[in-house]
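Look for chain A in each of the two complexes below; its partner is chain B in the first and chain C in the second.
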Partner chain A sequence: MTFYKHFSPLLAVVLALYSFSSVAQSQEKIVVVTNLNNDVQVLDKKGIIDLFMGKYSAFPNGRQATPIDIELNDELKGQFYKSLVGLPLARVNAYWSRLKFSGRVKPPAIEQTMEDVKQRLEDDESALAYVYESYVTDKMKVVYRFD
Partner chain B sequence: MLVVLTTAEFFYRATYEHEISEANNDIQELYQTVAATASIAAFLEDEDLAKEAINGLVKSEKILAASIKSDAMYYQFNVNDAISKDVKPRVFLVRHPFIPEDTLAEVNVYPNFAHIIEQAKKISTDNNYSLYVEAVVVGIVALIITYYIIISPMLRVGRSLHKITPGTKERIEMPEYHSRSEIGELVQDTNQLLNKVEEQFTQERQLREEIEFLEKRFRMLFENAKSATVLMAENGIIELRNKAFNDLVEKIGLEIKQGYGELLEELFEAPTAMKTSLSEAFARNEFATGEYKLKSEKTDDATWVQLIASPLVTDDGERYYQLTLNDISSRKHELQKLALQADFDALTGIYNRNGGEKLIAKLMRKDHHFALALIDLNGFKAVNDIFGHDAGDEVLIFVAEQLQEKIRKNDVAIRWGGDEFVLLLQAEDEVSVKRAIEKVNDGVKQPFYFNGDPEPTFISMSVGVSFFPAMSDDMNTLIKLADIAMYKAKQNKVSAPNDYLFFADSASRNGSQ
Partner chain C sequence: MIKKSFSVIAMVMSFLIVNSAFAEKENVKVSGFGTVATATSDSDRYQFRSDRSQAESAKKGGLAFKPLSLVGVQLDYSVSDNLDFVGQFVYREQDEQNLDSITQMAFLRYDITPSWQVRAGRLAADIFHFSDTRDVSIAYPWVKVPTEVYGIVPARSFDGGDISYTKPYDNFNLLIKGFWGSGESDFSSDDYNPITFNNLRSIGVEFVSFNWSLALKHTQTEADNDDEDLAVVAASVAQLQPFWSGAIDFAKEVSLKDTTIHYTSVYFNRYFDAWELSGELSYIDSNSIALRPSFNGFLNLSYLYGAHTFYGLYSFAKTDTYFLSQEQPGFPINESTAQLAVFVEEVASSLAHHQQTLSLGWRWDLQENLAFKVQFERTDVEARGTGLRARDGLVVDDEDGVVHTLFVALSFSF
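Coming up: the complex of A and B.
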């Protein structure tokens, strides 16, 4: 009984914080964006998978596509792959490490921070990246929204 | 062995089925190992990856051939061989690695049935070998156990039973650890049986000893009986005889043989009389008894027997006779001796009156002529009175001796009673009688000394004589005549002692009649 008297308030706080953050996260939607000048107007989920998982390196219109991974935001990256292919990051990394030996299939290009991703999207017309919906600027074009 | 072979075949079948199913499982598992690679290869349409997956599959001996086929690519290994062997493939659908609902390609896997069968055979052969070895080992162990637990004790029990003589104290030893087993029960039952047998043997032996004892006694009784006894069949064959019988047969000088005719007739002097008597008794259903004289081939002495004969009928209806012959010869002799005693005087040994009368009767019957001299002693009464009866007896003996001595061979001296004697003289005339009597008188007249007495005693006699048949052919008359004559002589005993002899005359004879 002494144990619960001490720890139950603390436990309640922790639980409250956790539920708040998860609610905040689930509300934070992810969208797939391109350079504003890119011809591609919209992509389907399968098309995004084909590009991010290395099957194709060009958009359906034949122009080169450069998928971008974010290095320093595992939360975003994890949420993206979970939503896209239903796999945790560890599995996705394993997938790539397996394919690297063949050399024919390239993994997405890497940017460090959200800022870097934003900069790349502005600079590179072939860039294709995932960002939080709230992060979309008028220099980006949303081609896919996760439900 | 049949069981082992059947079991082996069954094992082979089971192993084969098991191996096929194992192989199918293995193929499933093998495919699972390359499924991811195949999936990625199909997604990326990457032939190298596809090769890697297919080659990974066919590396296994269980897989003969494999192929992967999608819209964009096709790769196979050894499929033609598999098709030529008419092997049916197992088909696996290759899913999209990220969108599992989508099917990107198809992998065909051809199981290596030859290998599977070989494997199954190898396993079942190994199984069979171990089965055979196990069977042999189990068999040997079972044999050894059976031998030590069952056969060996049984053999030991059997051997000891074989050695045991029924009726003795010997018993089968209980095999170790078998006191409660069936073998133990068998041993116990057998020992109980042996106990019973011994008991019965003992009883039987006791009974036999008792019977032998009795038989010995009876035999002794029979053998040593003084009476000759035989058991005889109806046809005269002697079944049983004792020593006394043989002795009797030998005594009468016959040889010992099997039989002596019907009812021993050959032994008897007058068998017909004997047989008639016996038959009559048997007809009345009685035992017969009688005294019979036996034949006398050897001895002059007659052998007399008392015969007791009883018919016996056995349980089987056979007829036997038991004949007992008591030797009564000696009794007969005794009787004869008794008869002799009746004829002679016990004191003097000469004929007594009874014997004398018989003799006279006999002489008369045979018509022998003789003179009858009746003698009466004088002075005897005085001797008796003075010296006693013993002295009197001595006188009588002395006189009798003198009479015997002095008469002729064919004459007879008889003590007629008291101090009266009779001489039967073979003489027909007075002269010869006188001569004979004088001789006798000389003897009797001699002085007689009693023991220790120096004075002699003199005995004299008076004699009356009658003649047969000249005077009478009747004994009493003859005696009477002699008595009268003697009485006359007695008158002279003092006055004329030398005129002591008188002859009866016809006149007095007539007068007496």
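Coming up: the complex of A and C.
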């Protein structure tokens, strides 16, 4: 009881901060970016679904694309796929299990952190990744914005 | 011979991959999937098995883990940007356990262009829509793919090659795929006597959007041999030639050897926000009475609510009942041939499934790659159409029946 008395205000603050940060983060916009030297200027949603859902493996100009998934940021990954196809990550994993374990398609390449994604985008002209808008650098090119 | 060569390929490639793994870790990916599932049924007579390849079954008063539990490991090795090796090894209940039998896939995949792809080696069978992933339970909402459609698909993989072409359009993508190869049936007896399928040709056309898809598939193949029981019955029928002029011709109809078999299916699915409606109709026939024309299908309605999926599934298999006296009035039935007549009817009935199932189920995604599933089924089996169920005795002695089966499963991927 005493424990609850002392810690309930603290708990409330933590929860409030958590809620605020969650809301703040969930409100942050996601953009899809490529290497700055990539010829592609813009992609439509169907093109991004094709690339990230294993339906087609090239940009509209015919060049091979390498979609990148982020491993250690479920918040960003979940928000991206929810915006893209309206599915939670578990259903996206189920979808990809069918493609991968039938041997039809190679899944997106995986980078661990945002820093890794950033580095990959700088090094690989075929790379295509999703990042928070605030994370875009002058070495990335935005090809799609989610509303 | 085919089996031996693919065992060697699988072993060599796996060895190379393991060695390469130390040198180029990022080029090798190890992943996998599995199911831990149990089933229990209220019938000793018509026991559950997920497909005809299984000797293990679920029956009254017990929990059976073997029919549905399995684990699979997949190795993906990128030789270059365009060339990959894929090896998949699945351990599940089956008659033989060796490198060949657990190697579900072992092939090279080459992307000629983004539109054209070729694969060669051991490939997952792509006969009906879920044939190539029927063991990957995490990939679909149900505990298992509908037995009425997939229980009769004769193999999980074939050896050969395929070529596919993909063309994106504004609202959908077109995928055309052709396969040529050969393989062996999973169907077997206690003596392990599979049927070999030669000259197996398959064509598939799919129209795929994210909200809907439509797929048409057709496969044609020639059976190279009979299993032992079938061979004995066909030979015995041929010996009736002195008493019945049609005996030799009919013996050829009884036999599966050199018979052309056709598998055709149409699949669709459509998402309406949280709802998904999907279904498949398939048709199988051959010119042998051992595999007579059969309609099979399922219709599924799923509702996605957060991490939960609730579904209702109706599936059926329909083949006409076979009576020798009606189909072959000239067949001499007397005291000495009565038993042979029963065996002929058994041959004509054991793959002639006639049953329907209504299933209700719930899938709960505990994590991104872990799902808990419960499924309850009511199956109505028709007399002489009970071949999909495991049982003692002959199919021709079976009568109409109703069976309830409960499944509980954990499906995962890694």
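Quick note on the criterion: the second predicted complex is superposed on the first by the 125 of 147 C-alpha atoms of A that agree within 3 Å, B and C clash if a C-alpha of one lies under 4 Å from a C-alpha of the other, contacts with A are read in each partner's own complex, and residues count from 1 in each chain.
In this text, a contact is a pair of C-beta atoms (placed from the backbone, for glycine too) under 8 Å apart; a residue touches a chain by one contact, two chains touch by 3 or more.
This structure is a prediction, so every number in the text was calculated from the model and none was measured.
Q: Have a look at chain B and chain C on chain A after the superposition and call it: clash or fit.
A: clash
Q: Does chain B (first) or chain C (second) touch A:Lys46, or do both, or does neither?
A: Once the two structures are laid over each other on A, A:Lys46 reaches both partners.
Q: Chain B or chain C: which reaches more residues on chain A?
A: Counting residues of chain A touched by each partner, the higher count goes to C.
Q: Per the contact definition in the header, classify A:Gly62: touching chain B only (first), chain C only (second), both, or neither.
A: second
Q: When the two structures are overlaid on chain A, which partner does A:Ser102 contact: first (chain B), second (chain C), both, or neither?
A: both
Q: Between chain B (first) and chain C (second), which does A:Pro88 come into contact with in this model arrangement: first, second, both, or neither?
A: Only chain C is touched by A:Pro88; chain B is not.
Q: If you stack the two complexes on chain A, which partner ends up touching A:Gly54: first (chain B), second (chain C), both, or neither?
A: The first partner, chain B, only.
Q: Do chain B and chain C touch any of the same residues on chain A, and if so, which?
A: Common to the two interfaces on chain A: residues 46, 49, 53, 55, 85-86, 95, 98, 102, 104.
Q: Applying the document's contact rule, which stretches of chain C touch chain A when the two form their complex?
A: Of all residues in chain C, those touching chain A are 31, 33, 72, 74, 76, 78, 81, 84, 86, 88, 105, 107, 109, 111, 113-115, 119, 123-124, 126, 132-133, 136, 138-140, 166, 168, 170-171, 173, 208, 210, 273, 304, 306-307, 365, 367-369, 371, 413.
Q: For chain A, which residues count as touching chain C in their complex?
A: 46, 49-50, 53, 55-58, 62, 64, 74, 85-86, 88-91, 93-95, 97-98, 100-104, 106
Q: Of all residues in chain A, which touch chain B in the complex?
A: Against chain B, chain A makes touches at 46, 49, 53-55, 84-87, 95, 98-99, 102, 104-105.
Q: Which positions of chain B touch chain A when the two form their complex?
A: Spelled out, the residues of chain B in touch with chain A are 40, 43-46, 48-49, 97-99.
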